[in-house]
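The same chain A turns up in both complexes below, where it pairs with chain B and then with chain C.
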Partner chain A sequence: MSNISIDEPRKKLLLMGNEAIARGALEAGVNFCTGYPGNPASEILGTLAKVAEKFEMYVEWSVNEIVALEAAGAATAAGLRALTAMKNLGANVCADFLMTVNLSGTKGGFVLVTGDDPLAHSTTTELDTRNYARLADIPLLEPATIQEAKDMTRYAFELSEELGLLCMLRTVTRLSHSRGVVTLGPIPSKKRLAEFSSQDLWTSGSSSITCMLHSVLHEKMKNVQTKFEESEFNQYVGKQDAEFLIVTSGTGWLYSLEAINLLRLQDDVGILKLGTTWPLPEKLLASYLKYTREVLFVEEIDPFLEQNVKMTAAELQAEGIGPIKFYGQKSNHVRGEFGAGTGEINVNTVVKALMEIRKIEYLPRRSEYSEKVQKIISSYTPPRSMSFCAGCPHRASFWGIKKAIKWYGQDVIVTGDIGCYSLGLLPTGFSVEKTLHCMGAGLGTANGFGNLKKFGLDKPVIAVSGDSTFYHACIPALINAKWNQANILYVVLDNNTTAMTGHQPHPGSGVNALGSPSPRISIEDICKSIGLEVRVQDPFDLEYAVQNIYQMLQTEGIKVLIFRHDCPLTEAQRREKKPVIYVDQDKCIGEKCGCVRFCNRVFKCPGITWDYTKGKAKIDELICTGCRLCADLCPEGAIKVEETV
Partner chain B sequence: MSATPLKGPNELQEQVLAKKLCSACGACTNLCPYIDMVEGKGAIIIEPCGLNEGKCYNFCPKTHLDVPALDKIVFGSYREDLALGTNISVMKARAVDSEINEVAQYGGVVSALVTYALETGEVDAAVLAKSQDQISAEPALVRSRKQVLECAGSKYLVCPTVSRVSETMEQIRGGKFCVVGTPCQITAIRKMQASNFETQVDRIGLLIGLFCTWAFSPDVRSLIRETFGQVKVVKVDVPPPPANIFVVQTEDKRFGIPLDNLRRFIMPSCNVCFDMTNEFSDISVGSVEGEENWNTIIVRTKKGEELLQAAKNTGILEVRPLEQERLNHLREASLIRKKRVLTEKEADKVAYLRIRDEDKSKIIHEKGGS
Partner chain C sequence: MSLREDPLNIIVTGVGGQGNILASLIIASTAVQDGVSVSVGETYGASQRGGAVMSHIRLFEKRQYGPLIPEGKAHIILGFEPVECLRTIGGFGNQGTKVIVNPRPIYSVDVLSGEAKYPSIDEVLNAIKELADNVYVVQAVKLALEAEDAILQNIVMIGCLIGSEFTPLKNETARGVIKEIFLSKSERYLAAFELGAKEIKKTKPL
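This part shows the complex of A and B:
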């Protein structure tokens, strides 16, 4: 990780997109930072936490996104500068507050960063959070380069503070996680003090007050629009009166530039890159649209620019501009792997769109070349399905659930949730989970499945969630289940960390975002206070784990089973030595009746490989975490543990 | 059995488990990570292992039981006695040891023989069924007289005794051991011995078979608990017909539950069992009609005969001839059961059983058998 705290203006530094955003916040003198981990935005707060003490900032991992935004909002109401970072789905969680704090406004600068995930690399939806900026009517900035990620963040604070309005910065996976050279700016040394007294009023009001504040918001946004007309974040390349115009933002900018160069269309096609995408700089748009006959929109996920620019163009017709032919997602020219408005776009997407529209022939590379590359790649990287890590306790938990359901002998509905354990849907989790939506939805939907008896669906329901998800989104659903007497066995997979997003602490970890000791909030105490039966079990004691699920499946009502075992990756960081696990080659019976490669074929821990020549299992010492579970499970006792002293 | 077609877990599921013919004997459990024994439910396949042939199918007493073939392997020739199976002699006996008599169900012959085999070094250990509450049953590995006595007394609940066999081999490296079991359990072990799979069942020194008419599913416990609450049960018994009751004896009282109230708890697999007197054991032991302190003994192999002879010579057993009338009753009871099974309406439930056609027709049509 780069050292973003260097205070050397004009120095060039290689930064990851998320680090650049953090640096931008530092350069804006941010005081108060909150967030909830989620890809691709996690490193923003993680980076700020590392330099929190140096810059006397307050940084917290919040229990969820709405609390994060509310806490940060309060800091800005007290005159501080605050940033809240989250992934796309987090915007839904904080939407309630977002739709009111836009009216109540801020005193200090207030920036919301959302990280969208086109192609849903590590998300369950391709939500385009830009729509929230339009919905809440707040300024939206979309960086296209790492440098812009930093500069726009700093600018967002200034704009927000000047207007007294929350600003939104939208990044995407490819920007957040790529690296680029960034020219640093100064870090202000002036400290701020928080002020809020009983004389202050900070509200979105109700009835006429709300409407009045709504009108004030519209005025603010007109002001923003005026500023955006002149913004340096909007750029144009090409001849001024190009008849063919690409309108783009974010990642589409560099893709479009490269596509134009490849197709040698520099003289024919102009590119208008917008960094300020809500409200749109309409006058700026008009200045190019008046020459244009055709427009191609290049953007990821939703046709956000496409729709908004078309609205502007419709108004411009009265001024004699147009008619213009539009291409983009609606015309199906800009489409990802799964069709328009889905997946990621890239240079090829733009090249193909231009080829189709302008009827140009272009062969980027010979087809043999692609085939050759594919062949070489596959020889180095064999196809692998997604898998739990070596030593992951979730593998044991899901095997336990699978076994207990078999024991039970009847159909059981298992609802899942977001986290590493989402893999419970896949063979690595023995395909036990049957549902997956948003955080907390495992238990939430179980409230429905567990109350359908009178409609003829009388099956036990197991809801699975992680520990961080428990605090984030499961507590209301748990209370609801108790209140409305749903039949649910709620299994909390507690690995003592927010593993999927990079091991951020959570309320049960005993440390805060800075790594300082903090009170530990017990999952079982919360459950017990609701009046629930709670059992705690290490899933590596598989026999007991199965027994517990089996027994609890047979009782009515809502009950909680906590499968507690630390994530082996955090365990490995703490531990100095691990035991050596090896396979006694004489005892391993391999494919024979009695085993049939159970460890490697069924249990599928990636730490166990298969020696095809000998027909025996082998331990991959490099990734084996020394958890010992395979030694317990080997039917022949062929997997041995050698403790290291 | 060489004659057994090699099949795997899919056929086990189809032909046995899905038809509820599993008697929870434990023959398919502890052999691999894919099959579990679940109390009250029998064997459960967690996930098919993918093999087309396996020990699980092969060892199961409810798959392809070729009686003539197994007779030949175990006894060297096909049975002459259709009612009781191959036997050298039938008699009645009882243990002389008063300590054994005190805890034994009837004559204490099983406890006496196992103790004798252990103490003389004939075997190093024994796999028996033990009960914590005198009702349930679980397999136990015993090595001493004291442990044998702790296992004394009949259990009427199914017990996955055979599942302890492979574990026992691990535990007593190199040693020999004996198994006491019901007909399905003993049959399973004989099928292991007869199979081409690598097993070490030749280390089983002796198979003592118990007479058996049926066993309860563990679900019966809930009814017993509902009826008797937390009262300590000291003994349970199903006296020979015509009593038709299940006796529960507490420390100070004796209750009889009509068997008809309990029939729903009888394992469905027992209804299609052909073998009442444990026809593949070395020596079979049962009750004697009308005589609580004696056991009926059927000696089937030379090994069984030698043990009985030695025990008798040492004076630990008192042996007498079995009265002709009682012997007739035993044969009759056994044949009635066989006839019922052979005329089972749901033919696929008894499809596992192969006997010679002429014997089948003899049993069905002629009263009296051999």
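This part shows the complex of A and C:
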């Protein structure tokens, strides 16, 4: 919504963290941008795509993260500036290329942005991708504010280009999805041309060449470290010779500042905020550690600073610095709701750590108020579990799978995958799915479950994935299943979009990142080319959907069933008016329903609510999308559809 | 403009699909145009609708603050859904917190399936009152329907916040932001905004 393309230096603009990163790339004159949608990083590329034509950039949603990084790498080898953005797990997908392009180097500036997700708001892991910067030995920047998100991105391009080395920027959910005021800088107007000829060589080599390039990488990193010692992104607050020091990065910076203000510790505690966290600015650290007796580390997910700063401190002992007592995750002082190194940190995390270490008292609220809260909240706040949206075709698909398994009469293993349909594990998906890991793991693990007959596990396997996931990670597993003759019914839930991350297009959408028409790559054609039986079915035609699953469970080998129906959220954007669904309350028999209030208790669509005064079902017109599925399912025929033209 | 409280902590709380994030964007943009700095934190988890959604909006002038309001430090809570409003005041409220709440419930699947009980609206409002300084109940959906679309209830609630004068944010600035965002469609949004701004002035606290 914010217009990030405004070319008015010094103007203040309210930006989301991801928009600020996109703006930083524009201010660096980025030419080539790639990525795969994944929260919390999705909006970076989405924002750049919207202004691609204006700034003559190339922006693509790639099929997956490794192709994204490779394509961007090539652009930088040809002298362009390129950015690749992805979620935490995406870093694993692109890791092979990352661990070689660090050696081959770049000509144009090359920035990899990874979005970590402490508390796993929308991911299946709390991976800390900062470890990749250390593993690949590349510079790491961690913005602490929205302004820094922009400024660091621009700087990362300059640093990368100067050194000829890929640079990594690590953001987290709480930065990517926050908003703050950013002072804009200028956008360069100079255009670049790509150059790469048969005279050029771009490789990480092998044998002695690899070792030589590895040594060059180490030299580059020494150079980076010298620059980081002077970086404006490292800041200190407090008296110079504070005996108690907080070392922090990223979101921990503003939380720590607020915590020491709440506890009135400003005069005693110093805070060193590091923005350049790999390689560490060791001399800068030494200049504060020499006064320090106690250090508290405040950072999100892994004890990355904690472990690396301790190594620096060990070396400094020979120079007479120390001994220092360290607090953080290892001492269990900095811990989230689920323990140290998990979940999100916040102001309270820092307050609690300081209270325990410094033995001080602090009550955020009067104790009688807190007691009242405890009493009231537990009695009057029912939980609000996640559920498929009203009108979601996945609800129909999982209902169909559940029903078909019941008909089949034997146990069936259902493996799940990453997307909105991950909720197939929960009651909203009738708890049909039994496994969930990473992109493509549904079909990958089905290759194992579907080949355990000789070990006595002879159960049919249904693997579920979405359409975007099909292109991203399922094709090799599909080929493997055919080649090694696994027994799998593979169900593709095709809603014609990458719904979970904000409706980005994919290779089957017929449009690219810019919304321009592009070749549509058919899921069924790919499956047929491997020699598989493929059926396509609208899951809202429930009877046929159930029959198809039931029939396909009877045969051996790998088969594909595509459940195809557009996501109701994209459908709603296209549609002028939705059909009106209503409950004929004379026909609804309420609690007497033989199916125990089937619509509420079993089907659980949030669009069907309950009229507590009359004891009958009713439709919540604010939520219902008019998908009609409940009208087909109501045992009494009490749910009706009023067509609107 | 000067803030009586610095930072001034506002929470918009409700359920996915109620336009919570757009509301926080309008409030924060208004603050920026009125010359105050802001930090906004949004918690929406997986993008599915129907889950709880909460936005923290922090207005400040002297120094910068992070996007999350600490425990018990909310000055104002704008509740789009009664139980979510209660849940939020439980975590972030204090005896001085002011609350504007839309009493229309949205039942969770846990409630509809019979696994959990939704309390009566009076019980919820009384519980909020127990934990707040003042509670203003505004039938935002009914007012939104007067502006022709129930979906405008979030804009009605913004009207209430600005009209309440609990913040120094100016009516004219908020109207300007709404015009910038909705362009040619902004008329009905402005109508919804004014309905909220007027309603709050005649609403007595519980």
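Worth a mention:
Rule of thumb we're sticking to: the second predicted complex is superposed on the first by the 627 of 645 C-alpha atoms of A that agree within 3 Å, B and C clash if a C-alpha of one lies under 4 Å from a C-alpha of the other, contacts with A are read in each partner's own complex, and residues count from 1 in each chain.
Just so we're on the same page, contacts are C-beta pairs under 8 Å (C-beta built on N, C-alpha and C of every residue); 3 or more make two chains touch, one makes a residue touch a chain.
Values in this document were obtained by computation on a predicted structure and should not be read as measured data.
On the superposed chain A, the positions of chain B and chain C stay apart, so the two partners fit side by side.
In the superposed model, A:Lys406 makes contact with chain B only, not with chain C. Rounded to the nearest 10, the angle at the Cα centre of chain A between chain B and chain C in the chain-A superposition is 90°. In the superposition on chain A, no contact is made by A:Tyr471 with either chain B or chain C. When both complexes are overlaid on chain A, the residue A:Phe388 reaches chain C alone and has no touch with chain B. After overlaying the two complexes on the shared chain, residue contacts for A:Leu633 are found with chain B alone; chain C is out of touch.
When the two complexes are superposed, the chain touching more residues of chain A, out of chain B and chain C, is C. Once the two complexes are laid over each other on the shared chain, residue contacts for A:Cys595 go to chain B alone; chain C is not touched. Superposition on chain A leaves chain B and chain C with their closest Cα atoms 11 Å from each other. Once both structures are placed on chain A, chain A residues 601-602 are touched by chain B and, in the other complex, by chain C. Those residues of chain C whose C-beta lies close enough to touch chain A in the complex are 15, 17, 25, 28-29, 32, 37-52, 63-68, 70-73, 83-84, 86-87, 90, 93-95, 106-114, 116-119, 123-124, 127, 130-131, 141, 150-151, 181. The residues of chain A lying in touch with chain C in their complex are 1, 12, 14, 39, 121-122, 145-146, 174, 177-181, 251, 253-255, 257-258, 262, 346-348, 351, 364-366, 369, 372-373, 376-377, 379-390, 420, 422-423, 427-428, 499-502, 597, 600-602, 604, 606, 608-610, 620-623. Those residues of chain B whose C-beta lies close enough to touch chain A in the complex are 31-34, 36, 38, 41, 44-47, 49-51, 53-55, 170, 197. Only residues 402-403, 406-407, 409, 430, 550, 593-596, 598, 601-602, 633, 635, 637 of chain A touch chain B when the two sit together in their complex.
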